[in-house]
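Here the chain labels run A, B and C in written order, and each chain numbers its own residues starting at 1.
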Amino acid sequence: MSQHDVSMEEFLAPISEALGHDAVPETVVKIDTDELIPAHISDGLSAEERMERFCAEAEGAHVNVSHTDRAGAAPAVADIAATAGGSAVFDDEPLLDEWGVAAALEAAAPQGAWRWDARAGRDACIEKAAAAQLGVTVADAAISETGTILQVVRAGHGRSVSLLPTVHVALVPASRLEPSMMAVMHAVRERYDAMPSQLVFVTGPSNTADIELVRVEGVHGPLTVHYLVVDDA
Amino acid sequence: MAILYNEGTTLAERVDACLDDEFAHKAVERAQDVFYDKRNAVIGELPNWEDMRHAARAIRNRVNNNLDYYVAEFARNATAAGAHVHFAPKAEDALCEILDVFEEAHASTCVKSKSMMSEEIGMNEVLEEAGMEVVETDCAEAILQTAKDHPSHIVVPALHLDREAIARMFHDELGYAGSSVPEDITRFLRVHLREKFLAAEVGVRGCNFAVASTGSTTLVTNEGNGRMVDTLPKTQIVLVGIDRIVPDLESLDLMTSLLVRSAVGTKLTSYFTVDCGPAHEGEGDGATDVHIIMIDNGRSDILGSEFSAIERCIRCGACLNICPVYRHITGHGYGSIYPGPMGIVMTSCLEGYDKVDKLPYACSLCSACTSNCPMDIPLHDLIRQHRVNMVAQGYAGPIERRAFVTAGKVLSSRPLYDVATKVAARGMKPLAHNGDSLGPATAWIPVLGAWTRNRDFNRLADERFRDWFKKHEKEEGSAPEKGKDAR
Amino acid sequence: MQIAFFPGCLVDMFYPGIGIAAVHVLERLGCDITVPEKQICCGQPLLNSGYAPETMPIIEQMVNAYADYDCVVSLTGSCMFAIQHDYTPYLQDKPALLEKQQRLAGNIYEFSDFIYRVLGVTDASAVLGSKLEASATYHKSCHLTRLLGIEEAPINLLKSVDGIDYVEMAFAERCCGFGGTFSVKEPEISCEMVHEKAQTIIDTGADIAVFEDAPCLLNVQGELTRMRDEGETSREVRCMHLAEVLDNR
């Protein structure tokens, strides 16, 4: 039922007219959002206080938070994998190898662990993640203000790992903690030349209150979320 | 569904029906009280909520004042990121574009995350008529879709249904055999919908904020269905109203904070996703074909009108959650997918006065909405402006108009006012019972009866204040007592 | 201190006692009171119903009645807000009237705010000798609380009355459902609202419900009376304006 496609010019004309513009402006005065947006509570906190707030906020969002160092990361994840049962999937992430988490997972997950690999093909990737009990990722950033972590989707880091399994473990390198989403956005801009295809901010397990406002944890995403804060100083 | 449902019913009929629905009425009252406490708690922790509102207002205004520029910037950047951007001046154009995407993808199934825009343009009905399977995946929307019911709230749309009814309906329609415990019903939906997600060819979603500087679309969700829609189907359709644009990534910090705190009383939802173009090489999942449909559908008209402030609205529902009228008539009283104060303003703008009956009068102008609005929209003023326009355009009845014209004359002329108050006071006196009260026996009297059918009215005093004051002034004369108790 | 007093038409017609109490209180505080002959009504019933041009004569009458006074005290918050703010957009093509209205807008005070902030009276018992043995709750009316931001003055004055035991009602700032012509245009909704308000007042167990805006008082009193008459409650709650409480000695 294709009819004529509306061009952007046709689409913009009534908007310009409503605004009293003769034409679409070629430039506008830049909106300085950094200036306009008021300070955040976490801006003024020390590094320790920020970590404290991050953990408290995450716990408030029903995340299981625990702390470890580099050496402790592998056994901690192995513990969770053994308890979760079934199989595991994990991001193709250098830190997971460096900290021995990948090897520990492969040993601990009762039905094996699979490293995310797009070469297996889209359907196989999704199938593996959907069948897994556990998904393991490394947070690319964390936000003190709200107890949030950021997963940047990119090669080797699929969307499904933190979404389809029943349990999600995110290792959170302490050095990546930022005070606010604003600070994280600055970091994203600096780190990536082109916008990643998806930024996923996670704050606790999926949940709903759609039936009589009763909170239920675990809807379409993970039922349980662990943040394993890794002291990487 | 389009914007109005139950078209042809009057406001009065809908209000009667809603007041009779004991469960829905109580459910909304309880929900408001819950939201009230939760919102106050997360706003109370912030030292600068008012500054945040003002900043948000400034940012939204500055975008909307140059919206043509920002729509172009967004479209250019989204295209550069690899998305197909389509332009739909009207709902019908958007529907054509959507059907085209299905045709090109040879698709006949889609999963959908909650999108007010999809409701506004009536997408489900059109797709279903064309033989497509449309699956709502938000819990509440799935409930409404299965029950063939209408939303009663923009954030928690199935608020009016109780767990027993929901369990029964899923039993009848989908073979659900579990209990009426919300957790059991939700687990059932998880399993039932997971299959649909994995099988669907197209994902349809809305967009909370569209970022001009990057061409990103964003979604705020708790259930994770938005992420499923983003992750699993190969083709993705994003419906974006032109009033969703923010300038840059940084502004998302402020906007999400205001939205989530206002909408559900938490600091951030479980998921907030910022999408830019299709999935890249090596990612392994995500949509590979992304279609963004920019929709105007009456918004540019609003932009040029006295209602332009409503273009700042971020659909958080904070005005519903505080509105004392919404509290009693629930979403269904408004007969619109956009209920409550923002709904009165939007619905009247988008549908026109011919179709909304007396909707702008379903408001006591108490201004609670205005003070709760995170975008600082003067909602009650806009509602009153709709009344002014309706009267000016002849939507008031001739009897009412005559009454108000007369009132205008009486209340601006001392001689007329004196006569009117004296006659009325004399007339009311014999009607009073136990002292000064006019009771149910006066319910037959026009206008007065509307009041006294359900509550008493005070009769007019024998001696008005001004009459007393005149005597008092004379008695006081040189005011011997004046100032006697002054400090 | 010379002041021009604006009682509001509702007080003039229905509750002269409230106006009288306010005059007594202000006189006791040393005010020399005038009530301009021409004043009648602020025009809200018409303005809020959408009859803007029809309100013009009322606006003119009102502005002319008070524009020449340096200090105007309004007994009702919503009337004051209308005069201060709601008139402005309709006077844009009437510069002379607009100028007068702007002057008036700067010179007008709400009753409790005037006493508390301008006259600096924070202890009614000490300064006015106000005394009333009763438990009292207070309804925060919409315009006064939200639009004028006056919340402290009436509550603190009430609390300072000798013998008053103050009890806060739940959702005190929620609209009582009056809304001017809303109460008769949408009576079903209005009645649900006032019923809930009356119930929260009854639930406090207070002897008196105190109002700073007479329109709310008219509405809630009517509902409380009806609830008692129909046996819905056995409690007798007396509705009073703050001026009446302050005037009680």
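We take it that a contact is a pair of C-beta atoms (placed from the backbone, for glycine too) under 8 Å apart; a residue touches a chain by one contact, two chains touch by 3 or more.
Just so it is clear, the model here is predicted, and its values are computed rather than measured.
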| item | value |
| --- | --- |
| Farthest chain (mean CA position) relative to chain C | A |
| By mean Cα position, the chain sitting nearest the middle | B |
| Top chain pair, ranked by number of contacting C-beta pairs | A-B |
| Euclidean distance of C-alpha centroids - chain A vs chain B, Å | 30 |
| Averaged-CA centre spacing for the pair chain C and chain A, given as whole angstrom | 53 |
| Residues of chain C that touch chain B when the two form their complex | 7, 9, 11-17, 19-20, 23, 27-32, 35, 37-38, 40-41, 43, 45-58, 60-61, 121, 127-129, 142-143, 146-147, 171, 173-175, 177-180, 182-196, 218-219, 221-223, 225-226, 229 |
| Chain B-facing residues of chain A, complex | 1-3, 5-8, 10-12, 14-21, 24-25, 28, 31, 33-34, 36-39, 41, 57, 61, 116-118, 120, 122, 125-126, 129-130, 145-148, 153-160, 163-164, 180-182, 185-186, 188-189, 194-214, 216, 218-222 |
| Of chain B, residues touching chain C in the complex | 11-12, 15-16, 19, 36, 324-325, 327-329, 358, 360-368, 370-371, 384, 386-392, 396, 401, 404-405, 407-409, 411-414, 417, 421, 424-425, 434, 437, 439-440, 447-448, 450-461, 463-469, 472, 479, 481-487 |
| Residues of chain B touching chain A in the complex | 27, 30-31, 34, 45-48, 51-52, 55, 58-59, 62-63, 65-72, 75, 81, 85-89, 93, 96, 99-100, 103, 137-140, 143, 156, 158-159, 161-163, 166, 182-183, 185-187, 189-190, 193-194, 197-198, 214-216, 222-225, 227-228, 230-232, 234, 242, 247-254, 256-257, 264, 266-286, 294, 296, 300-301, 303-304 |
